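Paired with subunit B in one complex and with subunit C in the other, subunit A is shared by the two complexes that follow.
So, the complex of A and B:
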């Protein structure tokens, strides 16, 4: 896979603040890349630099192997779908879509034809003569997409484009977006703070914090193997145990915690005795058990949260640690959820994932 | 609490108050208008008869026509100049952040708060020093100073309603900064620009004091009116006053209507 977009050691400073900190990233041709991070993580600044709306303080951004240094926004072909959509309210739908072609000097008849093709592709051709004010949110979204795609760019930048839509429309637009991306083979760089948007559509996800990439990988990678406590917490992991590597009386590697020893996954057997590490166990890997399980913890039920297909149960262990376990609805039928009752959860050692005990990211969350 | 939910008497009292207030404001103008159509030479009641005589007299006066032509020329040029400057100042405020922006804005909006007598005298002193006084364009210069803040205020209000991303969106789609101005910012601001043109025209058309100081022999209508008044108290004054009032109010109403219509379409957009 060749790179369409290469970001090389890019730093962006605003006065004394560093928004993006010597960041490097390669985006392949036809890739759907999601960039996630909380606000202030530098993800939007990165996108604006790719579009030329900001210039990097240091480093370079290459588009199709050509440096963009010194190129103004209008001199590069990196259209963006804006969070506010930024449609031109005084132009109708067709004129909005034609705008990019008009600025590139395409003749009127030709640009009308090409714009109409895109309106048809996005199934909004019947609104061609409508004013933007007469469209619904979803229809405006499609106009914004058509307007950006009409020049058939190598890369499309998307800055939280679905954040203004309701849940139902968001789902529909997600499938429109991933369908379009696959069909066109255009590289999408998609900035969002929504887990579901990033994970459902993208080939790779970048997690950003404090202007740096914390982790980059496939959604599955990130979910199963977060590299740091920050990433684990950012992706919603709650069951994170920290402690020291020891050997139990059977010679097995365990993690000593305030709630007793926890057996480590086989992958972590190479860890040295005495090393401080953290162990993440996803809440859907925990099961309720009445005795036998390689790893076990007991706790008092302190709360529950309905999440549709199942229920999140909140337990408090003897040491005061909170544990979240996701239980399918069918298992709840014969279980009384009296607050305060004692429950035991178990899991397989190999369902745990070890992350470095690294304090660098603690203060961020 | 709505007006209707109050008792009957407070409601009547309020209506009476409003009528009196408007009466106080408009009675002199209305009286001037009525007497301009009265055949009698002196403004006395009862009215003696209906007549266009005073309009005929004023409209056959060569000096009045010259003054009207001067006024229209000055108003037209002032409208264009002050709207251009006003747009520039408003766009600077919308687009850029810089040290001393507060002072810049205060200075830009200052002229109408200075007494016109002071402004007029200052203009006369300054313009005659650089040999720009006593001509019709001197009035244009003076009026542009006075009218620019009005244009700026209207256009600034409009630009504050723009989606901050929209100019970037135009660049992003291949528009150079100049073409983004031409194809995005100007069309967006157009209702405010047209409105500003009419309003600044009205400001110039009405203005007397500064015109009197710097116009030299080139009288504008308000200056002509005062010359007539100094000569004699004639009902012609009522006639010319009514004409000036009608033109001015028409310009202000036009400015208002254009802006309000645009405002309504904005609200429609919001309610979607």
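So, the complex of A and C:
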């Protein structure tokens, strides 16, 4: 996979504050890359540097192997979809979409034709002569996409484009976006704070914090094998146990916790005795059990949360630790969810994932 | 004498632009409902204010146009002779066209000079510097316009400060008074700070992401000014030009003291009518013509400024 976009040791400082800290990243041609992070993580600054709206303090950004150093925003072919959409209110739909072509000196007849093609593609051709103020949120979203894509750029930058839409519209736009991306083969760099947007559409996800990449990988990788406690907690829906590596009487490696020993996955058998590690178990890997399970924990039911097809149950163990378990709706039919009821959860040792004890993010929990 | 004319005109312009277009329209769009004593009581001040300070003086002005003057004395009458007389003279139409042209060109000129300054304040100054700039733009209003125009005479006169300085360099003298150039300097003194403030009102609120979006779509910074900043701040630009037109169309001071007073503008014509032969009715004809002109211009400008894009074409 050839790289369309290479970010090389880029640092961006605003006064004394460092927004992006010597960050490197390669984005492949035709890739859908999501960048996630909480606000202030530097994700938007990174996107703005790619677009040339900010210049890096150090490092370089290569577009199709060409350095963009010194290139102003209007000298780059990196259109962006704004969170506010930034559609021109004084132009109608067609004129908005034509804007980029007009600036590139495309003749009127030609640019009208190309703009109309894009309006048709996004199924908004009947609104061509409408004012922006006469459109709904979803229609505006499509105009913004058409305006950015009309020049058929190598890379499209998207800065939380769906955050202003309501839930069902977000779902529809997600399928529009991923459909377009696959069809066009254009590289999408998509900044978001929404897990569902990042995980449902992207090939790879970057988790950023404090201007650095915490982890990069496929959604599945990140979810099953977070490298740090920060990533595990950021992605939520995870149970994290910390303790020391010991050997039980059967000679198997276990993690000692306040709630008793937990058997480690075989992958972690190389860990030395006495080493402090953390074990992540995804909430969907836990099952409710009343009999035998290699790893077991009991707790009182303290809360529940419906999430569509499933339910998140919150248990509190004897030591006061909170455990999240995701249960499919059908399993709940013959289960009474009286608060305070005692439940036992179990899981296979190999569903656990060991991360290094990360002191940097220790302050959480 | 000139001050009486101005004082009568000014509230009328304000009433024309500020209340008339918005008030009756917004009431029309509301569903019909019974008028409560409460709402009536609260709308009364507007009605009374309008009647007292706009309709009544305007009506008086209209009635005055029908009076006649005999041996320097005003006689109440219903004669159309003043209208025929004033509209029948070439010098009235010359003055009308001259005044209109002067006001139009000063609106264009002052707006053009104001624009780079406004742009700089809106886009290149920090929030604190912007506040300071606004404060500085208000300071000219601390001094009377008449005083400021007199001060210009000291600078622009043939033996004034500028020509004395030029003489030291072996240049000049330049004639800067009693011509159109002098009038425009006066008009700029009158309008420039206000036009900048009005433009700033819109331009400071232009969404920055629109400017960035234009850059992002390969629009160079200079082209962005014309393609985005100007259309996005249209309301302030049009209102700035409108107020410049209104102020200069009725101005008497600059054409008299910096322009030499000859050939006359409509403002000068009004004073001439009142001075020569006590012709208040003919002065009123000129004044009514000016009020109507300004109302038409103000309505058209406000409509253009707030025109929203519809599915036209």
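Keep in mind that, in the parts below, the second predicted complex is superposed on the first by the 359 of 365 C-alpha atoms of A that agree within 3 Å, B and C clash if a C-alpha of one lies under 4 Å from a C-alpha of the other, contacts with A are read in each partner's own complex, and residues count from 1 in each chain.
In this text, a residue touches a chain if its C-beta (ideal position, glycine included) is under 8 Å from a C-beta of that chain, and two chains touch if they have at least 3 such contacts.
Predicted model, so just to flag it, every value in this text is computed and none were measured.
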| item | value |
| --- | --- |
| Superposition on subunit A - do subunit B and subunit C clash or fit | clash |
| Which of subunit B and subunit C A:51 touches, first, second, both or neither | both |
| Subunit B versus subunit C as contact partner of A:129, first or second or both or neither | second |
| Which of subunit B and subunit C A:241 touches, first, second, both or neither | neither |
| First, second, both or neither for A:100, with subunit B first and subunit C second | both |
| Subunit B versus subunit C as contact partner of A:92, first or second or both or neither | second |
| First (subunit B), second (subunit C), both or neither touched by A:74 | both |
| Shared subunit A contacts, counted only where both subunit B and subunit C touch the same residue | 51-53, 72-74, 77-80, 82, 84, 86, 88-91, 99-100, 103-104, 132-134, 147-148, 151 |
| Subunit A contact footprint on subunit B (complex, rising order) | 163, 165-166, 168-177, 179-180, 183-184, 187-188, 190, 265, 268-269, 272 |
| Subunit B partner contacts - residues on subunit A that touch it in the complex | 51-53, 72-74, 77-80, 82-84, 86, 88-91, 99-100, 102-104, 132-134, 136, 147-148, 151 |
| In the complex, subunit C residues that touch subunit A | 207, 209-210, 212-221, 223, 227-228, 231-232, 234, 308-313 |
| Subunit C-facing residues of subunit A, complex | 51-53, 72-75, 77-80, 82, 84, 86-92, 99-100, 103-104, 129-134, 147-148, 151 |
